[in-house]
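Please find the structures below.
Shared chain: subunit A. Partners: subunit B in the first complex, subunit C in the second.
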Partner chain A sequence: MASVDTIAARPDLQGPAGAMKETWPEWFDRHSRHIFIWPAVLMILVFAIFPTIASVIIALSRIRFAGGGFQVRFVGLQNFARQFVGNDQIHFLGRFNQMSALGWIVSLAVTAAMVWWFVKFFKGGFNLVGFLGRVITAGMIIGLTLMFSGTLLSGNAWGTLGTTLFYVFVGCSLQFLIGLGLAFLCSMPIRGKSFFRVVFFIPLMITPLGVGYAFRMIADTNKGPIQPFWKWVGLENFSWAADPWAARIFIIVGDSWQWIPFIFVVMLAALESIPRDHVEAANVDGASSWQIFREITWPQVIPIAATVMLIRVIEAFKIVDLPNIMTSGGPGIATESMTLHAVFAWRANDLGQSAAVAYLLLFVTVVICASFFNYVVLKQLRKS
Partner chain B sequence: MSFRKMMACALMVGASMFGAAASAGAGEYDGVTVRIMTRPGKVIAQRLIDRGVEFTAATGAKVEVAEVPFAELFQKIQTDWSTGTNSVDVGVFAAGWAIELAGAGLLEDMTPYVAKDTKLDEADIAPYFRAFQKIGGKNMLLMVDGDFQMVYYRKDVLEANGLQPPKTWDDYLAVAKAIHGKDMNGDGEADYGSCIFKKRNAQSYFAIQTVAAGAVQTQGTTQGFHFDPDTMKPMVNNEAWKAAFELYKETGKYGPPEELNFDIGDTRGLFKAGRCGLLIEWGDPGPMQIEEDAAAIKGKLFAVSALGWNKVLDRATGKLVPVTKENAPYSIDGVNYAPFAAFGGWAGAINAKSDPKTKEAAYAFLSYMNQAAQSNVDVTIGWTGYNAYRNSQLDNPDLWIKAGFPADLAENYLGAVKGALNNPNMASDFTLPGAQQYSGVVLDTELARYLAGEITVDEALANIEAGWEQITEDFGRDKQIEFYKLSLGVSNK
Partner chain C sequence: MSAPAKYDLSRRSLFERLFEPPRIGAMAPATKVIVYTVLGLWTLFVVFPIYWVVVTSFKLPQHVNEGPVYIPFVDYMPSLHAWQALLVTDFGDTLRSYINSFVVSIGATVLCIIIGSMAAYALARMQYKPKLGIILTFVAVLLAALVVTILAGVDWKLTMAAALAVFFFLARALGKHFKATLGNGDILFWIISQRILPPIVVIIPIYLMFQQVGLIDTHLGLILAYTVGNLPIAVWLMYDFFSGLPIELEESAQLDGATRFGIFWEIVLPLTKPGLAATTLLVLILNWNEYLMAVFLSTSKAQTMPILVAAMNAGDRGILWWTMCVVIVVMILPVIAMAVILQRFIAKGVLLGAVKG
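And then the complex of A and B:
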C-alpha cells in the first residue's frame, strides 16, 4: 500500500485541487469498520429496535382493522391505566376489597425493611445511580407487597401479575432445590450415574406443548392414563382444573418437570468443577457432609447458581404454553400468566392492550432481574 | 357408518359429480385454487375437505382448507383480508361475525352470483337463515349450517325415574338433581345429571345466553336481550341475568367434576357414552346419537326447543316480575320462552380482494355446499357439525328416518328445531361489529371468573356492563345502535 509520503510525492495520484486520488482497496480499507458493522446495526434496527418502537406506538393506541389496512387512534396511556384502575384492574392486579391485619403487618414490615436498606445505603456513601436503582427496586418491592397483601393475604383473588410471580418465585425455587439436589446426588460416586444424567436431561428436550398435553392427561382424574391411581388414592372425583390452587400447582409441576433438568445440568457441571483435594482435605480433618457442603461446595458454586437462577427466572416470566394448553388460563383467570393475558388480548384484536401488558411484563422482568443481578449475582461474583 | 348410509352417501356423491352438483361445468376452473380458512378438526372442516375433492373432480378447481383454533379464527381472517395479505379466499365462520367484515368492505357481494345461480334454490332456505345471508340487502354469506341451542334430555332415564321433560330452567335443575348419580349407561357407575361445556375461551358463553334469553326477552325478536336498542346501554346488570348466572353455576353441582375445563368435545364424548341426563347443545346431538360410537344413547336423546322462565325482567326497574300475558305476550301457560339462535350457523364469505376467477370458483363451491343435494345429506350426519337450515330438511322426516333416525326421534327432533325457528320470540345472537369481543371476550371472561368463584355475580355483571360499554364506545355508539337495530330487524327508515 502506498504510504502518505509516497502519494504526496506522486502528482498522478493527486486530484485537481491537490487532493489524493484514492483507490477502491484504499477506500474499502478506510471504511471497513463501517462496512462490517452496518449490516449488524441494520439487522438490530430492523428486528429489534423497530419492533420495540412500533409496539410502543401500538401500546399507546387503539387499532381497528378495516378495508385496506387499519385505523390507529392515539389514546395516550389509557391502555396502561386500564390495568391499574377500572374494570381491567381485577384482571391484571386482582380484587382489592379490604386489607387484612396480616396484610397490613406484612406491608409495613416490608416498607420498614426498605427504609432500613436506604439508611444502610446512605451510611455507606451516596451515589446518584445507586440511589435511583434502589428507588426503582424498593418501589417495585413495596408495590408488589401491597398487591399480595391486598389480594392473597386478604382472601381476595389476584390477577395475572400475581399468577406470573407465583410461577416465577415458587416454580423457580422448587426447580432450583430439586435440580441442585439431583446434581449433588449425581456428582457422588454412585452406580448408574451416566444413566441418570441422560434420563434427567430428557424432559428439557420435549416441546412445552407436548409437556402441557401430557400433564393435562396425567392430571385427568376421571379418564386419564393414571385414572386407576387417582381412584386408588380416592381422588377420582377431584377436579384439579376446577380448583384455582390445584390448577396452579399442577402447572408448576409440569413446568418443573421440564426445567429441573436445566438446573440439574448446569449445577452438575459446577459441582464437578470443584477441586477434589478441597473436599478430601476436609474429610481428612473430620468435617461432616453438611459442613463440607456448607463451607466448601456451596461457596464455590454460588456464582453459577445465581447465574443459572437469573436465566431461569427470565425464562419463567414468559410462561405461556402450559397454562394455555392445560387450563386455557382457567378456572376463571386463576392460571393466566401475563404473557397469556397479552396473547388473549391480541387474539381479540385488542392490540393496544396486548402491547401494554407485554410492556408491563418487560418492566417487571427487567426491574426484578436487574435487582437480582445487582444485589445478588454481582455480589457473589465479586466475592468469588 | 352403516352400509346403507354409505351407499346413500356414495350415490349422492356420484349424483353430485355428474349432474346436480356445482353450477360450474367440468374443467371450468382448471388451475384455480380456492383457499378456505375455518375451525380445526373433523367438525365443519372435514366436510369442506370431502366436498372439495368432489368439487375438484367436477370443476377442476382445487380446494385447500386451512384449519385454525376457533378462538383465533375471526382475528386471522380479519387481519389477512384487511392488511392485504389475502392468503385466504373464503372464510367459513359464524354468520354473526360477517357484519364487521362487511362494514370494512372486506366481503365480496354475492348478490349477482346468487341471481344467476339456478341450483341454489334460495327460497328453500328457512327465512331466519336466509336473512342471515344478507347484510344491508346484499348476499354477503352462504350458510352451510343452521344453529341455535336446544336442551336435550335422556328420555329413557327420565321415564325410568317418573320424571317429565323440563319446561323451565328451574325444572332443569330439579330434573338434573333427581337423576344425578344414577347409572345411565349400565356400566355400574354413577353418571351426571347435567353436562354443559364451561371451559373458558371455548363456547361456554353461548349456553349462558341460552339460559338468560327467556328471562330477558319477552316482546319478540326485535326487542333483543343484550342492549337497549335505542341507546345501546347494556341490559345485563339486572336480576334476570343474575338469576341466569346463578342457575348456570348451580348446574355444576349435577355435572362432571371437571366441567369448568370441559370443551364441547369433552361433553360430546360423555353424552355419547351415555353419561349425561341433560345437556345444552346445538342441533348436532340429534344425528350424533345414530353414529356407531353412540350406541348407548341411540334413539334415547330427545330435545326441547327451549326452556323458559316464569319470572321475567321488568326493564324499567331491573327486577324480576311474574310472567303475565301483558309483560310477555308470547308466553305459554305462564312461562316465557326465547330460543337462542346461538352462533347463527357456519357460513362462507368470499374475500373481496381475491382475483375474479377465484371468486367465481369460490362462490361455485359455497353454492355446491349449500345446495340441497349436498346439504340434505350433510345435516343428517352428526360429525359434520352441520345442522338443518333448509325447509326441505325440516319438513321431511323421511330424510332423517332414511339416515337412521327412529321415527319418534325424527319427529321430536324436527319438532324441536321448527319450534325454535317458528317462535316469534326467538332471541338473536350478537350480529354487530365487535360481536366476538362482546361475547367471546368480555362475557366469556367474566362468566368464567364467576364460575371459578373469583368474583361475585354482581361483580361479574358490573364488569360485563362496563366492558360492553367500552366496546360500544370504541366502535361508535351511533353506528352500533344502527347495526344492532338492523340485526334485530328494527328499522326506523
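And then the complex of A and C:
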C-alpha cells in the first residue's frame, strides 16, 4: 500500500540539508502528502480490508467462545456447502421441487438469452477480460434463474437469497418508476414546488426502525387507521405478517416509502439541470409532453438515472432493519433478507455460518453491481 | 373580429381548452388538475405515517386498542401519559441512549469528515503512484498471517507484529523491482467501492477484534466502526467539490509560501462550505440512524437510540405503541430539522455533481 515517497527522492523539495533545524510545521508540510491520505487508507485497511479477509477465515471455521477469548477450528468449505446442499439449503436457497413446465421455459429462455449475448460479443471481437466478465455475469444469472425455477416457479418457497433479490429488483424498479414520475411532475411549472420538495424528501431521513413501526401500525387491519376500509372489504381480521406474499409486499411498501425520496431528489435536480431552451424549442414546434420527455429529457438524464440506480441497488442489498422490525423475518423465513439471516446465525452463536452467509451476500452484491456498472452505467456514461 | 378565426379562443373545443396549454411554459387546465392531485395524494402518503406516529404518542392505551381514532381533541382527548412515562419515570434510560447517540454520531461525523475531506483533497490535488507489487505483497503477507493465526493457534498480536515486520522487509527488498503502478483514480475507486461491502461481512471480525482490545460497548468503538462505514461517501462527495475548484488560487498561495495545510484550511475548505455542510449533514443523519453496527457493538452502556427503539419490540405485555411512538418522535425530531436544511443544498444541485461523474 506504500505510495512511492517522491518528495524524499527530490532534494529540491527538502530544503538545504542541515541549514537550519526543521520546525514542526515544516516537517508537517514536507510530509503532507502522506499525512493527508494515510488516515483514510489506514482506517479502511484496518476496519474494512482486514475484516473482509478475516471473514473468509471465520467462514471456513467453527468458532467457540471460551473464557473471554475464542477457539477456532478449521472446517473447510463446510459452512458454504451447508447453504447449497446441506441442512441450510431450505433456509438459503429454498425448497427445491421437480422442475415445473414454467420453470423449464424460463430457464431455457434465460439460457438462450445468455447464449445470444455471447454470440453478439464474439461477433464484436474477442478479448479475454471481457469474456471472463461475461462468463461470471452469465453464470450468476443462469444460476439464479435455476434457483427461482426450481423453487418458486415449481410451487415451493424460496430462501433468503430469493427474498433479498426480490427486495432489490422489485423494490428498486418500483422506487425508480415512482421517484422518476414524481420528479417529472415536480419539474413542471407548478406552484409550491419548494413545499413538495421538502415534504417528499423527509422520509429518506427517518430512521428505518421508525418507518418499520409506523407501517406496522398503519397496516394493522384491526386497529390501524385504515381499519374502516378493511372492514368494508371484509378483511379486518387479515394479518399481513402471517401471509408470505402479503408480508413481502408490506416490506416493499415501507422500503419504498423510505427510498423513493432518494430517487426523487436526485432525478428532480437532474431534470432541472437540463437547459430550458431545448424543451421550449420543442414546445414551439408542437411536440407533446411525452415526446419531449422521450426525445429530449430522458436521453440527457439516463447517465444520472443509471448511477442513482446503482447506488440504490448497492444499498438495497444491505436491507435488514425493515424485515427485522416489521415481521422479524416471518412468517417462517418468508421475509428474511440475507443480512438478517446472518444476524440470526450470529445470535445463535454460529459465527461460521453467519460469516458464510455474509460472504455469499458480498459475492452476489459484487457480481450484480459490477455487472450493472459495466454493462449499463458505463455504457450510458460513454454515450453521453 | 380582425384576428384569424383559429386564434379565437371561444371557438376552441372543450377538449382543446382542457388539454392544450394556453401558452408556452404553462400547463393545460386538465394537466394541472392531474398533476396537483397526484402530488397531493403523494403528500398525504408521505405525511400520514409521520402524523400517525405523532398522534399515537398522545394516545391512551384504550385509544389504540379499541380501533382507530384520528384527530386529537375531536376524536379523543390527548394525554401526556406516554411522554410522562418516558421522560419522567424512565428518564435516565432514555436520556442515556439519547446522549450516546449524540456523542457517537457527532464524533463519527467529525472524524469521518476530517479524514475523508483530507483524503479527498489529496486525491484531487496530489499525485500518488502506489506500486501494485507492494500492495499484492501486503495482501499476501496479511493472508499468511491470518492463516497462521487460525490454523496454528498462535497469538494474533504476535503474528500481526511479525507480518508487519516481514512486510516492511519485503517492501524494502523488493520495492525497487516492481514496475507497475496505480494512480489517483484507482485509489479513489478503491475507497468508493468500499460502500459495496455489506456491513454484515466486516462486522463479525470487527466484533471479535473489538472484543480482544476491549472496545465492545464503548463510544470509541462505535465511532470507529461508523466512520469507516461512511468514509466512502465523504471521500466521493468531497472529491467532487475539491476537483471543481479552480486550481489557480491554490497555486498562487503556494507561490506565496503557504503550506499545504494552510492552503487546505484557509482557502480550500471555506470555498467548499456548501458542499462540506451538505456532506456533513448527510453523514450525520446516516450515523444517527445506524442500526446494524450498533446491534453488534453495543450492549448496554453505549446503547444508541436505534437499539432502544428496536428493543421495544420485545415486551411481556406486547408492544406499548404509545411509548414507542414517543421514542420515535424524539428520535426523528432532530433529523427532520436537518433534512429541511439538507434539502436546500440538494435543491441547489450541490450534491448532484458527484452522481453525474
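The rule we apply is simple: the second predicted complex is superposed on the first by the 336 of 384 C-alpha atoms of A that agree within 3 Å, B and C clash if a C-alpha of one lies under 4 Å from a C-alpha of the other, contacts with A are read in each partner's own complex, and residues count from 1 in each chain.
The working rule: contacts are C-beta pairs under 8 Å (C-beta built on N, C-alpha and C of every residue); 3 or more make two chains touch, one makes a residue touch a chain.
A quick note: this is a predicted structure, and the numbers were derived from the prediction, not measured.
Enquirer: In the overlay, answer first, second, both or neither for which of subunit B and subunit C A:70 touches.
Expert: In the superposed model, A:70 contacts both subunit B and subunit C.
Enquirer: In the superposed arrangement, which partner chain does A:113 touch: subunit B (first), subunit C (second), both, or neither?
Expert: neither
Enquirer: In the superposed arrangement, which partner chain does A:265 touch: subunit B (first), subunit C (second), both, or neither?
Expert: After superposing on A, A:265 lies in contact with subunit C but is clear of subunit B.
Enquirer: For A:331, select first, second, both or neither according to whether it touches subunit B, subunit C, the two together, or no partner.
Expert: In the superposed model, A:331 contacts subunit B only, not subunit C.
Enquirer: Now for A:91: first (subunit B), second (subunit C), both, or neither, which partner does it touch?
Expert: In the superposition, A:91 touches subunit B alone.
Enquirer: Answer with first, second, both or neither: which of subunit B and subunit C does A:348 touch in the superposed model?
Expert: A:348 contacts subunit B only, not subunit C.
Enquirer: Tell me which touches more residues of subunit A here: subunit C or subunit B.
Expert: Answer, by number of touched residues of subunit A: C.
Enquirer: Shared contact residues on subunit A for subunit B and subunit C?
Expert: Residues 69-70, 222, 328, 346 of subunit A touch both subunit B and subunit C.
Enquirer: Would you tell me which residues of subunit A are touching subunit C in their complex?
Expert: Going by the criterion above, the answer is residues 1-4, 6, 25, 28-29, 32-33, 35-37, 39-41, 43-44, 47-48, 50-55, 57-58, 61, 69-70, 72, 74, 182, 185-186, 188-190, 194, 196-211, 213-215, 217-218, 222-228, 257, 265-266, 269-270, 272-273, 280, 283-284, 289, 303-304, 307-308, 311, 314, 317-318, 320-321, 324-325, 328, 338-339, 342-343, 346, 351, 354-355, 358-359, 361-362, 365-366, 369.
Enquirer: Within the complex, which stretch of subunit C touches subunit A?
Expert: For subunit C paired with subunit A, touching residues are 24-27, 31-32, 35-36, 38-39, 42-43, 45-50, 52-53, 56, 64-68, 70, 115-116, 118-119, 121-123, 126-131, 134-135, 138-139, 142-143, 146-147, 149-151, 153, 171, 175, 181, 187, 191, 194-206, 208-209, 211-212, 224-225, 227-228, 231, 235, 259-261, 264, 285, 288-289, 291-292, 295-296, 305-306, 309-310, 313, 321, 324-325, 328, 331-332, 335-336, 338-340, 342-343, 346-347, 349, 351-352, 355-356.
Enquirer: For subunit A, which residues count as touching subunit B in their complex?
Expert: Contacts found on subunit A: 62, 64-70, 86-87, 90-91, 95, 157, 220-222, 237-239, 241-242, 244, 327-334, 344, 346-350.
Enquirer: Quick one: which bits of subunit B touch subunit A in the complex? Just the residue numbers, please.
Expert: So the residues of subunit B touching subunit A come out as 71-72, 74-75, 78-79, 82-84, 104-106, 199-202, 256-261, 352, 436-437, 440-441, 445, 448-455, 459, 462-463, 466-467, 470, 474-475.
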